[in-house]
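Chain lettering (A, B and C) follows the sequence in which the chains are written, and residue indices restart at 1 in each chain.
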Amino acid sequence: MSLFAFLGTLEIGLVYGLVALGVYLTFRVLDFPDLTVDGSFPMGGAVAATAIVAGVNPWLATGLAVLAGAACGLVTAFLAVRCGILHLLASILTMIAAFSINIRIMGRPNMALLGEPTIFTPFDNLGWDQLYVHLGLVFLLVLFSALFVVRLLSSDFGLALRATGVNERMVAAQGGSIGFYTYFGLALSNGFVGFSGALFAQSNSFADVTSGVGTIVVGLAAVILGQTLIPGRRIWVAVTAVIVGSILYRLAVAFALSTGMFGMQASDLNLITAVLVAIALIAPKMKGKVRLKAVTR
Amino acid sequence: MIHLEDIRITFNANTILENKALRGVSLTVPERQFVTIIGSNGAGKSTLLGAVSGETPISGGRVEIDGVEVTKWPVHKRARYAARVFQNPLAGTCATLTIEENMALAHGRGKRRGWRLALSSRRRRLFQERISILGLGLEDRLGDSIGLLSGGQRQAVSLVMATLSDSHLLLLDEHTAALDPRMAAFILDLTNTVVEEFGLTVMMVTHSMKDALASGDRTVMLHQGKIVFDVSGEERERLDVPHLLQMFSKVRGEELADDSLLLG
Amino acid sequence: MKKLKVISALFAAALVIVSAGAVFAQTYKVAVSQIVEHPALDATRQGLLDGLKAKGYEQGKNLEFTFQTAQGNPAIAVQIAKQFVGEKPDVLVGIATPTAQALAASTRTIPVIFTAVTDPLGAKLVKDLEHPGGNVTGLSDLSPVAQHVDLMQELVSDLQAIGVIYNPGEANAMALVDLLKSAASAKKIQVVEGTALKSADVQSAARIIASKVQVIYAPTDNTVASAIDALVGVANQAKIPVVGGSTSFVENGAVASLGFDYYQVGVQTADYVEAVFQGKKVGEIPVTFAKGSDLFLNQQAADTLGITLSEAMLKRASSIKK
């Protein structure tokens, strides 16, 4: 793999690290299986791209994208908490509705940002290598997001949020409103996903409604991969793990893309990615077993 | 103070499974009183506690806590007035969080939960101090996941947690029922100590007549959703378990007689 | 005699070395990124490969042809773009909109040739069709929608309303429908839209609009293409013809189709790639629209619906299904 491809992979891994962070918040912290991300990711991109093309400052456009993502989360929470719709179904409803809304927002299914100003533009003109600049800026933004999540989950508020996913009855008995924490958690999670979508659109110069398909799969794979390879209950470990998981997932895709020489067809990509991720998940266990065998001998 | 007025609770109303769990219960528990509640299975003991905590929606009547009407309040809003310990030790604590995190959660009961760190060194000292009363050595294990503790230990921590915030109301729902006899005795002792020390107002549901008479200063018996007797003071001092059993069977006998009269 | 043999042997050896050296010196690297594996897009790629071969660039000899598909996922399209750009090929080829955008966003130096992109201006791949300027140019597969409207008018006398089924999630399809609307409104013909987000929805979408229109237009939309049988079925029940943007639709029962052979689109793309090989500046190669749309007719379907195919049409047609 070339340096260019490697750095590019890191960048996409970090951008999707925000999705992993969101999925971690819903699936792991809140124990709420939320598929809204398939809609909030392209919505983040759609809102950011549309706003930028309309002349809005790119940072402000990114902020709007975060709000749009959070709004998706609130809709899912409303359907689940207020209307009592099964969590999974509530999120699916938001997800499919978001598809149509995203086309409405852009007025078309694909919106290009080539040549438009983005949050990266001011740094592009400093004369540094664009690839490093993008990677560095994305890294900083993901780092701040991760620090925010770690600090939030360590607060009084965050503690109640974490307890909500484990023991609702106890949280209520301690004065916490389950409904409120569900609203907040879903909004926060999808806000991060919208943020990710906005970064993706600006870094790659296009927003596309189809970019949402399978976001949840990638996010879940990142969370599971990361937490399997970097186990630990501490919050900062878990948050680091899911972001590392996202990068590893993208590396798996990149390696799958480089396997052309082994007689693999282009269409085998998904299969190879799946196999690589499976190996990453199984390998540590195998190592443990081998060690165990050695000990028992 | 807890004031219950003509509480009626019907489960599965207008269905074949309709069950009138409470049929007009009125009860006033003054400040610093410790009421024990007994009754056979299905008498409505836990349902009554649920009416106070808000966990069981009531079909009729009025609930007041400390002079505030809370009849329509959800559970989490009422939590600022009352701490609870459940029968199931798993229900009252959060298994994946540490002991100190559980305590921090309880410390925030009834307060606004904000951005402040849940675990400051000041809070840790407070938790250590409070939990050392138990004499279980848990003060050195605050960072352990509470899921590692036994059921009895978890109930003990739950009791300490109940004292961490300002409220002075304690609702105990058969909180020793799931424990072995030795642990149950320890928890009951601990309960009395805590109630004494913090001057709490208590409603304790129990299935043990002995415990009901040994603890507290008033005993209420429920039967088929109604209070069938309510003793306190000297009258209660004179009661012992055989007496209580006698009264219990008398109540049931009369009920039967009533029924047969009706049928006849 | 002996001397002569030696000399000729030396000469032959030298020739081999020189020619081999020439081949090595001129191996061109082309990297092709395709959004999804789909008959039309696959045909485009094959056409490109064959077109290059016809120009003397043969895979395994003087051409290194790398190909990846993003399996319909734009994030993977981006990864493919990074991978390709890192390999520094001579030409990058993006088949369909998102892959072309991902390539264009990843490099400002390596030439990017797009193909099978309906609306290169809308996709911001180029700022100007005549003078692209940057490192990106290519071939648009914009359907001759105005001609489609003419064709429909020829088929249905006194045409008042055209129905169209498409997936609003496809950039290509949206561009076509916009064109259809402007072409139709110029002729005071109403357009009734039916949308289908997935192939399974095509049938019900067609049912809803069938009673309100005199003809159904099937654009080059991947979703509609996958469910063309269902669409034709509904149209037959409603006794109205289907006119398509892809010639393959006639095989499935459309009365008439006017469209590209995507293999030929690929062959035309090879011209761009060759121009880059020859050192032409990408920014100076204008964007063109795919040429050679063919009229396919279906006599059998026309007879069933009681539609007469005019003599003029039959003459123009390059294929008539009987």
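Annotations for the structure displayed:
Going forward, a residue touches a chain if its C-beta (ideal position, glycine included) is under 8 Å from a C-beta of that chain, and two chains touch if they have at least 3 such contacts.
The shown structure was predicted, so the numbers you read here are calculated from the model rather than taken from an experiment.
If touching chains are joined by edges, the resulting network of the protein chains shown is an open path.
Chain centres defined as mean CA positions place A nearest to the mean of all protein CA atoms. More contacting C-beta pairs link the chains of A-C than the other of the two pairs A-B and A-C. For the pair chain B and chain C, the distance between mean C-alpha positions equals 74 Å. Note: centroid distance chain A to chain B, computed from Cα atoms, is 44 Å.
With centres taken as mean Cα positions, chain C sits 34 Å from chain A. Chain A makes touch with chain C in their complex at residues 1-9, 12, 16, 99-100, 103, 108-110, 112-116, 200, 203-206, 208-211, 213-214, 218, 250, 253-254, 257-258, 260, 266-267, 269-270. Residue ranges of chain C in contact with chain A, taken from their complex: 34, 37, 66-69, 71-76, 78-83, 85-88, 97-98, 101-102, 104-106, 122-125, 127, 168-171, 174-175, 197. Contact residues of chain B toward chain A in the complex are 53, 55, 74-77, 79-80, 83-84, 86, 90-97, 101, 104-106, 108-111, 113-119, 145.
On chain A, the positions that touch chain B within their shared complex are 152, 154-160, 162-163, 166-167, 169-178, 233.
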